[in-house]
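Paired with subunit B in one complex and with subunit C in the other, subunit A is shared by the two complexes that follow.
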Partner chain A sequence: MRLPASSLPLSHFTQSSSGLPSHSDRQNTANMRPFFIRANVLESAKGSAYIEMGNTKLVCSVDGPKEITVSSDSGDAYSEGILNVRVKFAVFSHQERTVSDADAHRRIGDPTELETKLAANIQDGLSPAVCLDRIPRAQIDINCTILEDQGGVLSAALICASSALADAGIDMYDLVLSSSLAVVDNDQMIVDPSTTCLADKPISGSVTVALMPSLNQVVTCEQSGACSPETLRKAIRLATECCVKLHPLVQKALVTSVRLRSRPK
Partner chain B sequence: MEVHLSDAERVFIVHGVQEGIRNDGRGASDYRPIRVETGVLSTTLGSARVRLASTDVLVGVKAEIDEIDCKQTEKKGRIRFFVDCSANATPLFAGKGGEEMAEFVSTALTDAYSNSKALDLSKLVVSTTKAWTIFVDVVVLECGGNLTDAAALGAKAALADARLANVRIKASDSEKSEIELTDDAYFDSWQLDVIMAPLLVTVNKIGWSNVVDASLQEEVCTKSALVVGVASSPAKGDLVTLVRQTGRGSLEPDSVDEMIALGVRAGNSLNRELDRILADIGRTQTNRNELVSAAGFLSS
Partner chain C sequence: MTATTSEKKICVPGERLFADGEEHRSGKGTHSTHGFIYASVAGFLHVVPSPIGEEKASTVEVRRFEDDDHAVPFLGAIVTAKVLNIGSRFAKCSIVCVGNSILSHPFNAQLRREDIQATERDKVEVQKCVRPADVILARVIGLGDNQTSFYLSTAEEELGVVFGTSDAGFKLIPISWTHMQCSLTGDKEQRKVAKVPNLNLKTTSS
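Moving on to the complex of A and B:
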């Protein structure tokens, strides 16, 4: 069944925001949104994790190591394993059920531009953390499903995927923790912003940083928008500090899941 | 990208770079010789060819009038980037080989340009419902290392060269509107202001040093790199429009700061040089009635 050529959602005509409390209600913009993580949430997957950062919710499952199925063009001849990341946005994950122009020609089932980009970012972010040289000629499948996108999806996906990998027992050098940050026009920085909080503010830049906390190594540093080098330096510093705050929570979730697994059934 | 290095060669390059000595005698923040030509393709509204040592890219700019996305609050046009790594560039790009690289470069360009300061997209609006959509197509003819930077140089030069005709939209009786052009569409045209268009600078971490514009061999020795999008103008100073970490390695937080600083410095001088060259090209295009015959650009 084909959709009408031009249809507009109701929210286009209304000004009201969602009834859920927004980030801007919080007094302190240096606080992150409420955070929840649980590992081993899916029975059928080798490893899995579910994360909530504010209203952004996503679930990630991990399978492998297994035989390489994805064709790769690298001349490496698979001396190291590879991560095969697939990202899927649930249809109801955004405020509007839209298909962008870029996606108009794709086949159903193929990833959209945004999903491909996010998958590449996740793969780049996780590759330094996983001991890929211990699994030559093998691939690890990572599937992320984003149930609700209210900002900070890349950060949430990185934390969730690295927890799922740890839950699956894949050898890793360290966990990957991440946080995002928005620079609002008067150089004010909002940590872990939600889309509702940013809706009416002019954003001059957004920064996402992912790091391995025990090794103090940055695995992802992404910035977009336009800001001065000085502001960027401060933003990266602030985002790095916020990442580290999540470490105890993720560790606790993994310990809990190990306890549950080892309990006699 | 088909470069195989033995361990000894790798160590030689890495140790040399750490001492500040690169294989071709450059410093850490030096680019290889760059040649930029504009107006090389007759089928496009603007075009450029960039040669960065042996890396060769050809960029064409086309534009189409399209509906404005009615969900946006501000009316503005669009810009889309496409990169095609042809199999001529290196045998590894045959078939689907170049897709990953092409995806990376086009995403980097799209994100670097996706801020309000790069190009004034509101100037692309022609009527209340229609605006120009600019397509920037990059074709990689040969890959000799540092493809990202060359593509960004080409994109900025081609956008500077592009001429868009002045159009008037007349609302007609039926739903379709009529587009009016003057008789001489070439002369009644305008150019984009690309002073704040960003350039991409790839800073590679080799050993413990950072270098800019890595050759193919240096790229093989790189574990991690940072692509920095820099826009600079004398009036507004330097702005960073993109940072993207790439490669299998991780970086110390201090390294990230150093690499961004190096990228901004290199991007600033690259921007100034390119702006100067584009201004020179603009001045020498005096007599536009002259038919300029292309001498075969692949020959020189």
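Moving on to the complex of A and C:
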């Protein structure tokens, strides 16, 4: 069936904004979207986790360590294990359905440009947190399915994947927590923004920070758009604070999963 | 906190447990950074007192469950492997166990001709030492490079074929270092036989 290059669901035009928190509430405060995480959600996977950040929903599964099947980009003799991340956007994950020229020619099942980029970002963010030196010549598969994308996918995916790794019993130096924020034109910041909340805002940039909370090390810092060094410094500090806020929630989810797994079936 | 209570403390990766020093030492499932011991897996906290002496440090471990081991082959490990196929220069194997733990995914490995026996290495013929479908005990001696997989060695008395099937399709029984006999037909076949110390004792991975 031929589909139009872009389409919008009817709900996009009829949606009322009454249910959403007003934009002013979210500026310069640590007002984050509702957060939910649960580990060990899939029976068939070795480790798994499900996360909701507002309406952004995704699920991650982890398998391994197993024999390396992908070719490593580093030329050395696999003295360390590698992470193999695959990201898949569900077809219903976006409100707006677009088919870019590059996507139109790809085969079914091939990752899109966005999926490849996101997978690379997740791999870069998680590699420092996993004890890869303890699993030489082995590979850990991380599969990430985005069910709904309403902004902050990278942060959600990093938290979800690190919880799934911990749930699978993979050796890790620390969990990875992440949060994103948007910088509005007048150097105001919107913490943990959703796409609907940013729809009519003059956005000048966005910052995503991921860190290992116990070791206090930043593993990912992604910034797009233009902002002054002072604003960026402020943004990173604010994002770090938001990450730390999530720590007890993620810990609690993992403790629950360990307790459930240890219970005799 | 100690291992005596039934409700043990559950740790998650990155949880700071103890100061690394005289009293506690980092064990399995933990890592030591900046002078502290942190948990590295999600599981139960165990503080294992040292068996000898009072002043020695007790080991801090975070364990998951008995059937949930994430072992991977490592240098020097004794592994159980299945022979997949043989060539003139090496036998291709599939590692299924490391020490006492079964791997969730098998790892490919190579048993090279010169690593089969400790003596007369250049006269060894692969087909006279192992056959496809044999189960061997071997030691991991190398991690291999980009093209090849783990390197195995059976150049020790205790290592070699522990289980094999004869051409007739029946179990082989070891009769000497170099021969095994079919349990049905009595045919003798050549193998590099492992000297298994005592089957009732657990093999210890060194």
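Throughout what follows, the second predicted complex is superposed on the first by the 235 of 265 C-alpha atoms of A that agree within 3 Å, B and C clash if a C-alpha of one lies under 4 Å from a C-alpha of the other, contacts with A are read in each partner's own complex, and residues count from 1 in each chain.
Just so it is clear, contacts are C-beta pairs under 8 Å (C-beta built on N, C-alpha and C of every residue); 3 or more make two chains touch, one makes a residue touch a chain.
Values in this document were obtained by computation on a predicted structure and should not be read as measured data.
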First, second, both or neither for A:Pro229, with subunit B first and subunit C second: first
Touching partner for A:Met189 - first (subunit B), second (subunit C), both, neither: neither
First (subunit B), second (subunit C), both or neither touched by A:Leu175: second
Touched partner set for A:Thr116, first subunit B, second subunit C, both or neither: first
Touching partner for A:Asp124 - first (subunit B), second (subunit C), both, neither: first
Touching partner for A:Val219 - first (subunit B), second (subunit C), both, neither: first
Which of subunit B and subunit C A:Thr240 touches, first, second, both or neither: first
Touched partner set for A:Pro136, first subunit B, second subunit C, both or neither: second
Overlap of subunit C and subunit B interfaces on subunit A (superposed complexes): 75, 129, 212, 215
Complex interface listing, subunit B residues touching subunit A: 1-2, 4, 69-71, 80, 92, 96-100, 103-104, 107, 111-112, 114-118, 224, 226, 231, 237-253, 255-257, 260-261, 264
Subunit A residues within the subunit C interface of the complex: 46, 64-67, 72, 75, 77-79, 81, 129, 131, 134-138, 166-167, 169-175, 212-215, 250-251, 254-255, 257-259, 261-262
Partner subunit A, residues of subunit C touching it in the complex: 10, 12-16, 29, 31, 33-34, 38, 40-44, 64-65, 68, 70, 72-74, 104-108, 143-146, 149-150
Contact footprint of subunit B on subunit A as seen in their complex: 8, 12, 71, 73, 75, 96, 98, 101-102, 116-117, 120, 124, 127-129, 132, 204-205, 207, 211-212, 215-229, 232-233, 236-237, 240
